[in-house]
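Across the two complexes that follow, subunit A remains constant while its partner is subunit B and subsequently subunit C.
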Partner chain A sequence: MTQRLKTSGYHLAMGLVSFLWIAPILWVVVISFRSFDDVAANGLGSLPHSFTFSTYKSAWQDADEFRALINSLVVTIPAVVLSLGFASMAAYGLARYNVPFRRTVLLLMLMGNLLPPQILLIPISRFVELTGYFDTLIALIAVHVGFGLGFYTFVLHGFMRDLPREIQEAATIDGAGPGKIYASVILPLTRPALAALGALSFTWIFNDLLWSITVIRSGEKMPVTPALLGLQGQFVSSWNVIAAGTVIAAVPTLAVFLRFQKHFVSGLAIGAVK
Partner chain B sequence: MSPLILAFVFIPFAIEAVWVFWPALQGFWLSLTDWDGLSAPTFVGLGNFHDMFSDPIFKTALKNTAIWLVLFGGLSVIGGFGMALLLQKERRGVGIYRAALFTPVVFSLVVTALIWRVFYQPDGLVDSVLRGVGLGDFIRPWLADPDTALYAVILPALWRQIGYVMVLYLAGLKAVDPALYEAARVDGASAWQRTLYVTIPQLKGVNSVVLSVIVIDSLRSFDIVWSMTRGGPYHSSELLSTYMYSTAFQSTQLGYASAIAVVIFILALAVILGYLIRAFREET
Partner chain C sequence: MTGLAADRRTFLKGLGVLGAAALVPGCATSTPSGSGASAATGELALQSSLSSEQTKAALAKMIDAYNKTGGKVKVNTVAVEIYRTQLPTYLASANPPDVYTWYAGSVANSYAKKDLLLDVSSVWDTMKNYPQAMQNLSTSDSGQKIFVPTNYYWWGVYYRKSNFAKWGVKPPTTWAEFLQVCETIQSKGIPPIGIGTGGTPWVASAWFDYLNIRINGAPFHRRLLAGEERFDDPKVKAVFSKWQEVLPYFDPKGKSIPFQEATSVLLAGRSGMFLIGAFVADSAPKDAADDIDFFQFPIIDPEVPVAEEAPIDGYFASKRAKDPEAVKKFLTWVATAEAQELYVRNSTGTVIPANPDGKSADTPLVRKGKAMVESAKELTQFFNRDSSDALQPTADAALIKFMDKPDQVDQILKDWQAAAGKVFKA
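Right, the complex of A and B next:
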């Protein structure tokens, strides 16, 4: 009996905490469907008295969040693919071959990723200006790849190092060169780590604000995360439209999370167990 | 050594060199100069660092960064660890609770900021609830009041971070050998004692990872403050990172801004070194 009581107490308490945790999100979703008149008459703190999709239309068309989402994907997808591609190449060389100064190279690469980005902001904004890439999505992709590489290389290195020697030896005896071994032996075996890092880096890059506002100036090139801040200026106090814009901007990462939940969580946990 | 392998390592290294190492060296150099971005930078030695002592905004930003580190860092560790303890056992419903706490982690800090701004609006939900329970006198413009702005920004940051720390601890707890608990239970240790004397010592590795993550994250924190208050009102929620950004890109004192970035680096240095040493001890 006391056990039953304890169990229901536990679920009651945890259910309440979970609900409170999610409540701010639900509340914003509710507001995003309220009409402007309803919000003006009853206030943001009241329960809804209306239902409309026009807020989403405003955010999608008038504020051009559609274009912002496209920009985000144009930056995020190549940046994820390139960073993981380059990082897996470096990790493969460093983990499986006796490359000179391999420890120093790995150390430097990881150290670069741990630097506070603030130290890089001014030189990078100058650099992209001088090379003519200021205010281009290419510059933003390059920054994300360059800054993320170190961490991905380090994680993948740890993973590849632990793969058994014999697989590689067997492939070598079969006449496979280093490139072939990388592509058809090591990479397939690294898939769990790549999936975890892929899910993680997608959200990191998609959610970025600092690099975007440092490298991009014009509104029509802004990815959706920084564009959301602009939306706030454009629709001052139209909180229902801002709420709709927020929901739109949150959907892609939420979708990635729900689809790759297992990878995502294991990606975050990488390193925690070490 | 196959040239292909050398290229495999060299190309990514070169990319990072162009986008990280070289800019970092420039950043350190710029911190020793006075530069408006138009004329050539002039070398001023440690002048910028000297100026910080008489800059009240810098002092506020430094103090707020310390508060941020203690409150945001400390509470997210306590909250995340507590939640991980409560949700570690696989039982019915636990998956849902974990997912609920974790959901905010996938949102960008800008999305988080806007969600909470809607909350904090005058006549928004926070105010309605306070009025509803008879605490209407406490109501204030949360983000526009210099006394509350910093704390009103820390709250959403915590909301997002606790789920993240919880996942790190859940992974760590999973790795603890259950035989240790069994042995402690046989010896008559209470649940509280088992946590204190078995779980916490076993989590040493995770603790140091969490500590590094928290310190590095705190010092980097920028997005949430920038999206909610831009460091205002009257710099009351200014952090070193936001002050660095506005000094660089709004008042274009590029040398001074670089010096602030160097201060952030120095504050993070001990943790960065600790992280690197730990990472490479495992390598050997």
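Right, the complex of A and C next:
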């Protein structure tokens, strides 16, 4: 009897917590289907009095969301691939070989991560301008790769360090050089960690707003996050259209998350057990 | 921590490989593409903050018309809140856009002081019919014309005609009548004065601005915002004493909602009146649009020359524009009544052309707003436009605190002066 009470109490409480968690998202979805007149007359908080799909159409057209999404993907995919590629190489070297000063390098990378990125806003915008890459997507990719590298290396280092030493020794005896060992032995074994980090970094880079507005000036090169902001007027904002745009912009990250969900959860424990 | 020992040579070789890998993305794109792109094509780059649907479309129509006359202007629209923070970067960058949409008055002047703006005095030779107030707001401290105004809007106390009729009140003209109206509306169980300072604390500055220009006059207001008077002056305290008289009539929920929500509250009849800009009418649903009206902020001291808040929008240009003559040609064109009418017709319904010969939208609301601004002896814009975006947060902090704890006004004003002093010294 008490057991049943406990179980139902648990489910009730957890249900409530999950509802609290999902409520803002639900709210945005509900708003995205309301008409402008409904929102203006009844306020954002009221129950819907209308139902329309036109918000999605105008978000797609006015914010030029298709182009913005393409920009986002053009930035995100290379940034994820490059940063994970470099980070795995660095982690491989640092974890599997007695590279001089490897602890210092690792600590330096970790230190960089503890600094708030905002303090680098002005140096980066000046640097990007001086090198002539201001207002290009390449600059944005470079910034994301640079910022991700430290953390990814740190996480991958922890993972690679724990791989059994015998595997590598066996490969060495079979005549594999460091490059071969990296590509054919270590990298395949690191797949779960790479998948988890990939999903995480995809979300981070895709959702970034700060760097895109720092390095990019042209409207047509803006990724999806600033494009959504562009739907907001100075005084009059169609919140329903903004909500619809937000829902659309959430689709890619959601798709990536669902695809890598399994690794995502297991990946959270990466480096937790030493 | 037991890796295999790498001898020095392997390590160095590895370093070399890494270095080469780092170079690859650099090589693939060794031609950095400039952003303005105007130098080669002779195109003017217009950086625009008009990001909302209607204003963006209106600007596009205007630019199309200009480009048909042989001009070459390329618009780049940036969301207004990003624009606000990035504008100094745009102006100071190595390859700045040529023309910018922004505000007249001290905001433009602050960029002129840093020697970032193009002298457009020759454009003003074609703008003799513009009122003196706009001329003053477009002139820098050093006497150069740096700004071309294209349109403006007005502020007022907005209400729904049907609700006023229902409650049996008439739009007041004096402070005493205003208090009477508040009293009547409150007796019907409705909060008389709506406000929305949650997330948009700057709307409280409208009250400060209006009370100050009604009690102490526009010249004092301007001097105060320029740092030449003090916020702990007894004259400023008088503003707050007056405010205290109406404070009990403010909607208590106003603290927790942004002004857009406060607009909905007004439209739904859950507040009586709302001191806000003309843009309020743009966010009203169609069936309510005809029911919205406004009255001039009540006169407090008849001796003080009447001033109104009329924020002026327009263009300025970068000092380092690649083709200053083309910029001036474009600005001369946007100053014409024809160009401004084209913009105003396609934009939101509540902006008025800056050129006195330009026709505004022919609605009763706009006619009334235009008449009010034209009859005003003095014009102010708005707190941040008359001072700076840096001073605005000091006002927000002081005014919000005052609305919460009106009895601490002396301390609040002292703090405000201290905070403002820092901004002026910076």
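Here is the rule we go by: the second predicted complex is superposed on the first by the 252 of 274 C-alpha atoms of A that agree within 3 Å, B and C clash if a C-alpha of one lies under 4 Å from a C-alpha of the other, contacts with A are read in each partner's own complex, and residues count from 1 in each chain.
In this text, a contact is a pair of C-beta atoms (placed from the backbone, for glycine too) under 8 Å apart; a residue touches a chain by one contact, two chains touch by 3 or more.
Since the structure is predicted, the reported quantities are computational estimates derived from the model, not experimental observations.
On the superposed subunit A, the positions of subunit B and subunit C overlap enough to count as a clash.
Contacts of A:115 after superposition on the shared chain: subunit B is touched, whereas subunit C is not.
In the superposition on chain A, contact of A:105 is made with subunit B only, not with subunit C. In the superposition on chain A, contact is made by A:206 with subunit B only, not with subunit C.
Contact with neither subunit B nor subunit C is seen for A:2 once the two complexes are overlaid on the shared chain. When the two structures are aligned on the shared chain, A:86 is found in touch with subunit B and with subunit C.
Of the two partner chains placed around the shared chain by superposition, subunit B and subunit C are both touched by A:43.
In the overlay built on the shared chain, the residue A:232 is in contact with subunit B and with subunit C.
Within the superposed three-chain arrangement, the count of touched residues of subunit A is higher for B, of the candidates subunit B and subunit C. Once the two complexes are laid over each other on the shared chain, residue contacts for A:142 go to subunit B and to subunit C alike. Once the two complexes are overlaid on the shared chain, A:242 sits against subunit B while remaining clear of subunit C.
Mapped onto the common chain A, subunit C and subunit B collide along 7-15, the only clashing stretch among 7-15, 205-213 or 349-357.
Touching of subunit A by both subunit B and subunit C, each in its own complex, is seen for residues 43-45, 86, 89, 93, 97-100, 125, 142, 178-179, 226, 229, 232, 239.
Against subunit A, the residues of subunit C that register as touching in their complex are 1-6, 10-11, 14, 17-18, 21-22, 25, 29, 32-35, 47, 49, 51-56, 76-82, 85-86, 89-90, 93-95, 97, 260-261, 263-265, 267-268, 277, 279, 282-288, 348. Of all residues in subunit B, only 1-2, 4-6, 8-9, 11-13, 15-16, 18-24, 26-28, 30, 86-87, 93, 96-97, 99-111, 114-119, 121, 123-129, 159, 163-164, 167-172, 174-175, 205-206, 209-210, 216, 219-220, 222-223, 226-227, 240-241, 244-245, 248-249, 254, 257-258, 260-262, 264-265, 268, 272, 275-276, 278-280, 282-283 touch subunit A in the complex they form.
Residues of subunit A touching subunit C in their complex: 36-45, 58, 62, 82, 86, 89, 93, 95-100, 125, 129-136, 138, 141-142, 161, 165, 168-169, 172, 178-179, 213, 217-220, 222, 226, 229-239, 241. For subunit A in complex with subunit B, the touching residues are 11, 14-15, 17-19, 21-22, 24-25, 27-28, 31, 43-46, 86-87, 89-90, 92-94, 97-100, 102-103, 105-127, 142-143, 145-147, 149-150, 153-154, 158, 177-179, 182, 203, 206-210, 214, 225-226, 228-229, 232, 239, 242-243, 245-246, 249-250, 253-254, 256-257, 261, 264-265, 268-269, 271-274.
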